[in-house]
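Each in structure tokens, the structures are laid out below.
One chain, chain A, links the two complexes that follow: it is found with chain B in the first and with chain C in the second.
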Partner chain A sequence: MAGHNDSSVSEKKSSQAVDDLPTFSAENMQNNMKVIYYSRTFLSIIGGVIAGILGFTGFAGFIFYFLIMAITSVGLMAKAKFSVHSYFDSWNRIILDGFLGGLLSFVLFWTFAYDIVHIF
Partner chain B sequence: MAEDLVLDTAIRDWVLIPLSVVMVLIGILRYFVSKLMRSTSQVPDLKIVKEGQVIVRARNLRSAANFIPPKSFRARRVYFSNEENGLLHVPKGQAPNPQAQMFSDPNMAMDMMKKNLSMIIPQTLTFAWVNFFFSGFVAAKIPFPLTQRFRSMLQNGIDLSTVDVSYVSSRSWYFLNLFGLRGLFSLILGEENATDDTQRMMQMSGFGFDPTKNLGAEKDSLDIIQHDWALPKFEQRAEKVLRNLIR
Partner chain C sequence: MGLGFVVGVVGVVILSHAAYSTIQYRSLLKIMEEEFSGPPMNVVVELLLGLVLCMWAALTVPGNFLSIKPDTDENRMVSLPGNLDFMIFNHRGKVFSSEMDMKLKI
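After this line comes the complex of A and B, so read on.
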């Protein structure tokens, strides 16, 4: 995740976000969205494997997923140096985007790791 | 609730892991095959390229509208969208029927078919393979409880009503893999992977890939845009930025 972020979030936007005028470079913005998507997918897969190895079942696993996603959000915010508006057009991008997208990957890898480690 | 089943470790070694690995490998293979097939014989139609470029220009105008004076903006808008000879204006009745276009251009139909085939063939083959070798195994157990409704989804291929629903048959494990690996593929293959391709294709066929419709939509959004020249306010903005700098 750090590698992804290093390469692209650090590209400074053309906007200084001091004004109400949105001056965003569409390409950079898309790049940032892609970074968010990648980080979330990556972390949901890793989180799934961890949850499986630790042997979470039922509700605990889903709570773990939401915890992971919340940590991701905080991490992305820290990466943006808490000045979200110079990288994204709204807070929702960081907090909500792709929140449920990784769930299927998470469940798959959770099941996979859990099965391999625990049920056989 | 049935008591816990004891699954043989051989099932893990010879069903669960091979199945998952094969799914990943086939996904990668499909990506490269479809890439190879796509790169051949790409001669874009002049008219379509032209229209695409017009749309890009109109979009640029729309996104940067506030940086030019009102007069210039109006002139450009008229250039794009006036009712007689604007670039985005499509005369009625002249819009080509995409269906007819497809039949007149065998390449297009061919292309569609190739894309379709590169999707369908591996899927059918894998499904047949899974069916042939692994039918009837209880291969996995999902770590959370589900209701009876999911039985047909998760225990496809084993007809036992007493087994707990959270046990997954191998055929259903295949389906889970098929959908759940999309995220992994987008990580290892980059953004434009084969599964994205299918979504785009579905969109295309759903909307009835019609460039004139795009032109019309772009024209509409250009027409309703509120123009608000940004430059008069830029002195204050510059002042603010500079003040922030020296602070």
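After this line comes the complex of A and C, so read on.
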């Protein structure tokens, strides 16, 4: 009995969720996400090379990475003509996605460029 | 695509030149027996220039954003014609004479 009630409640919830769900084209969404990942990866590599050449060590490099990613976010917003909701379903897509993966490439190329320029 | 790619390549070349001049500056400092305090001015300018060029390339090369809203102009054509089951050639409307025929008769 209880199980039956639960299932009916969840069914009701899910139908409500379907009603509330905004419809959008998933393929275009995926294309947009691919564009964002591409931009972020490339710019974190370039940012890593620049941080290495400038000779940043320790915390300054990470601050530089945050700066680069903030500029990238602004650039992506400008590319979306500042109407984010017609290209993405939430703000997090444009601000946060690809951040951690980019950080790893950043650290790799940061140490690489620093070693080449300042140590060897 | 082509222009953005070329701009990105130019940016990377500028960055590598900045790296090379920093290496030369370090060897000069080693000869003069001074400590490295920061990169010289022309290197900083080159780095900024390279960053701007690469930023532009990174924002243009991957392609344009496509609108995800179902009611925009790009998404107006839904994929029904792609599914052959939904194609209809015969329907009951053809037994009624169309307005065009009526006009021709009159």
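A few points about this structure:
Here is the rule we use: the second predicted complex is superposed on the first by the 98 of 120 C-alpha atoms of A that agree within 3 Å, B and C clash if a C-alpha of one lies under 4 Å from a C-alpha of the other, contacts with A are read in each partner's own complex, and residues count from 1 in each chain.
As a working rule, contacts are C-beta pairs under 8 Å (C-beta built on N, C-alpha and C of every residue); 3 or more make two chains touch, one makes a residue touch a chain.
Bear in mind the structure is a predicted one, so any value in this text is a computation, not a measurement.
After superposition onto chain A, the modelled positions of chain B and chain C are compatible, with room for both. Of the two partner chains, chain B is the only one that A:Phe62 touches; chain C does not reach it. Look at A:Leu54: by the touch rule set out above, it reaches chain C but stays clear of chain B.
By the touch criterion defined above, A:Lys34 reaches both chain B and chain C. Looking at the shared chain after the overlay, A:Leu76 reaches chain C, while chain B stays out of its contact range.
Once chain A of one complex is fitted onto chain A of the other, the partner contacts of A:Phe42 extend to both chain B and chain C. Per the superposed model, the minimal spacing between any CA atom of chain B and any CA atom of chain C is 9 Å. Chain A uses residues 26, 34, 38, 42, 55, 116 to touch chain B in one structure and chain C in the other.
Residues 4, 7-9, 11-12, 16-17, 20, 63, 66, 140-145, 168, 176-177, 179-184, 186-187, 191, 230, 233, 237, 240-241, 244 of chain B are the ones touching chain A in the complex. Those residues of chain C that touch chain A in the shared complex are 8, 11-12, 15, 18-19, 22-23, 26, 36, 38-39, 43-44, 47, 50-51, 54-55, 57-59, 61-70, 72, 74-75.
For chain A in complex with chain B, the residues that touch the partner chain are 16, 18-19, 21, 26, 34, 37-38, 41-42, 44-45, 52, 55-59, 61-62, 101-102, 104-105, 107-112, 114-116, 119-120.
Taken together, the chain A residues at the contact with chain C in this complex read 23-26, 28-29, 31-32, 34-35, 38-39, 42-43, 46-47, 49-50, 53-55, 71-72, 75-76, 79-80, 86-89, 113, 116-118.
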